[in-house]
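The structure is given below, and queries will be raised subsequently.
Per-chain residue numbering starts at 1, and chain names A, B, C and D are given in the order in which the chains are listed.
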Amino acid sequence: MGSPPDSAFAHDIRVTWGDCDPAKIAYTGRLPWFALDAINAWWERHLGGDGWFQMELDRNMGTPFVRIEMDFKRPVTPRHVLRCYVWPIRLGETSITFQVDAYQDGKLGFTGKFTNVFTVADQFRKQRPPEDIRALIEPLIAQAGA
Amino acid sequence: MGSPPDSAFAHDIRVTWGDCDPAKIAYTGRLPWFALDAINAWWERHLGGDGWFQMELDRNMGTPFVRIEMDFKRPVTPRHVLRCYVWPIRLGETSITFQVDAYQDGKLGFTGKFTNVFTVADQFRKQRPPEDIRALIEPLIAQAGA
Amino acid sequence: MGSPPDSAFAHDIRVTWGDCDPAKIAYTGRLPWFALDAINAWWERHLGGDGWFQMELDRNMGTPFVRIEMDFKRPVTPRHVLRCYVWPIRLGETSITFQVDAYQDGKLGFTGKFTNVFTVADQFRKQRPPEDIRALIEPLIAQAGA
Amino acid sequence: MGSPPDSAFAHDIRVTWGDCDPAKIAYTGRLPWFALDAINAWWERHLGGDGWFQMELDRNMGTPFVRIEMDFKRPVTPRHVLRCYVWPIRLGETSITFQVDAYQDGKLGFTGKFTNVFTVADQFRKQRPPEDIRALIEPLIAQAGA
């Protein structure tokens, strides 16, 4: 499976009682939510604090999801912080794919791939990403693949 | 993509304001939750009212998820009921895979595949499914594939 | 505490595994969500299918919450449907207060009061409720108090 | 309303796109969840890292909620961190009441009071809090009231 690349962004999530189900582990329905939080935090880190909220409202750029896939390797619990590594692995003409690997206590909890398309937010119409976004992402993909 | 088989179970979800994000569509993080609700309802239907809660507590059988994948085809909104069709598509030695296709107003909103393993709940240890479960599921898979 | 008035609207919620925490009961954080779902359903019932989503987008009327209070009487579990009775108990100049009493198996799980203000949605500015809304609600309050 | 006491614990929450509804503000149903996260974090801070999860599983002490009340003063948005101040305001024979005041950009978003009872977790039976818990909380209440 390999490790996250050095350029991956790390986002820490506090897993709590309220995230857990009666099996005493985080409910599966919460795990995609955690991964999405991590991807949103990746944007905040790389766009000067702007996450999906600011991207949509201030930049008129949407990134709706078209596909997610996740493999769950170990139960996630409140015993440790959930460290989510996020990095882009593919930039298409109008889409981007992120990988999110989430660790607790050094062990992989889940790994997933998430694909978004870029849209003109107020028209919900596909678009190519702005040049500054492309310029930001391409080197990160190159670094990750190296 | 095809239609759900006739033997698919239909579970209706009321999508509401609180499920939606500022793009005025259901937040992506809610969609796996909806699919899981539908799978839980599938069990309730086929096990005399017992869903995951009763399966774990009364039958000591867990079915943790090991993989999910979902393709999002159209935004989900509160304008229509979200009708989720659920059916098993594969029964392995110790695992089961469900397909969930969710429609609004007759159009496919998302489609996904979800794999669980059967466990002894109080030991969190993989097991083969009980014979009555196997006897229940195998004909459904045969019907779906026909 | 008394019973809900005959004119109260009943909204049923399926409580599931994913709503529960490791104490094997619905997580407290889910219970206000359930009550809100019931209030939204009350509007749908009384406005020809329009809930908060349609009220905001189609009628330009918002009803943000200014206060909630809830008393939890018994744990809520997936063993029974959660029947939520909803009815208005007060209509102010620009506000409305609902009571929500939630029962499982005939026993009160929680009771709460929820106050919203009426707003012009796209201006987030307080307003008096439209006359048709007032005409709808006043008799219901009279019936409830009778 | 006053300010939080100096001894109040501050817990920061990142409000995101997924927490918001189509009115572009955090959905009301999320706000009690935030307050609960802050109370859980208060316990973690004061019990050497143990939150509700560890309290229940490792200490066999539950603290189920019997009452919540919240007043919403200003919309909560992703534009600023949500800083939640938490402090105990009353310790009864078998109960504790916390106040949570949540600020964004220096302005009060909501204020709430939350009452829990202490229980023997595995028996779901009321109990007096252990002496070390009482010894921890009493001075904090005295400081807050000073």
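Side notes on the structure shown:
By definition in this document, contacts are C-beta pairs under 8 Å (C-beta built on N, C-alpha and C of every residue); 3 or more make two chains touch, one makes a residue touch a chain.
A quick map from chain label to UniProt name: A, B, C, D = Thioesterase superfamily protein.
In this text the structure is predicted, and so the values were computed from the model without any measurement.
Greatest Cα centroid separation from subunit A: this falls to C.
Over half of the residue numbers found at the subunit A and subunit C interface occur in both copies, marking it as a same-residue contact.
With each centre defined as the average position of its C-alpha atoms, the distance from subunit A to subunit D rounds to 29 Å. The distance from the centre of subunit A to the centre of subunit C, each centre being the mean of the chain's C-alpha atoms, comes to 35 Å. A straight line joining the Cα centres of subunit C and subunit D is 24 Å long.
Within subunit B, the positions touching two or more other chains are listed as 17-18, 20, 22-24, 28-29, 33, 36, 53, 56-57.
Of all the residues in subunit A, the ones that touch subunit D in their complex are 14, 16-18, 20, 24, 33, 36-37, 40-41, 51-54, 56-57, 77-79.
In the complex of the two chains, the subunit C residues touching subunit D come out as 22-23, 25, 28-29, 32-33, 36, 53, 56-57, 62, 64-72, 75, 121, 124. Per the touch definition, subunit A reaches subunit C in the complex via residues 17-18, 20-24, 27-29.
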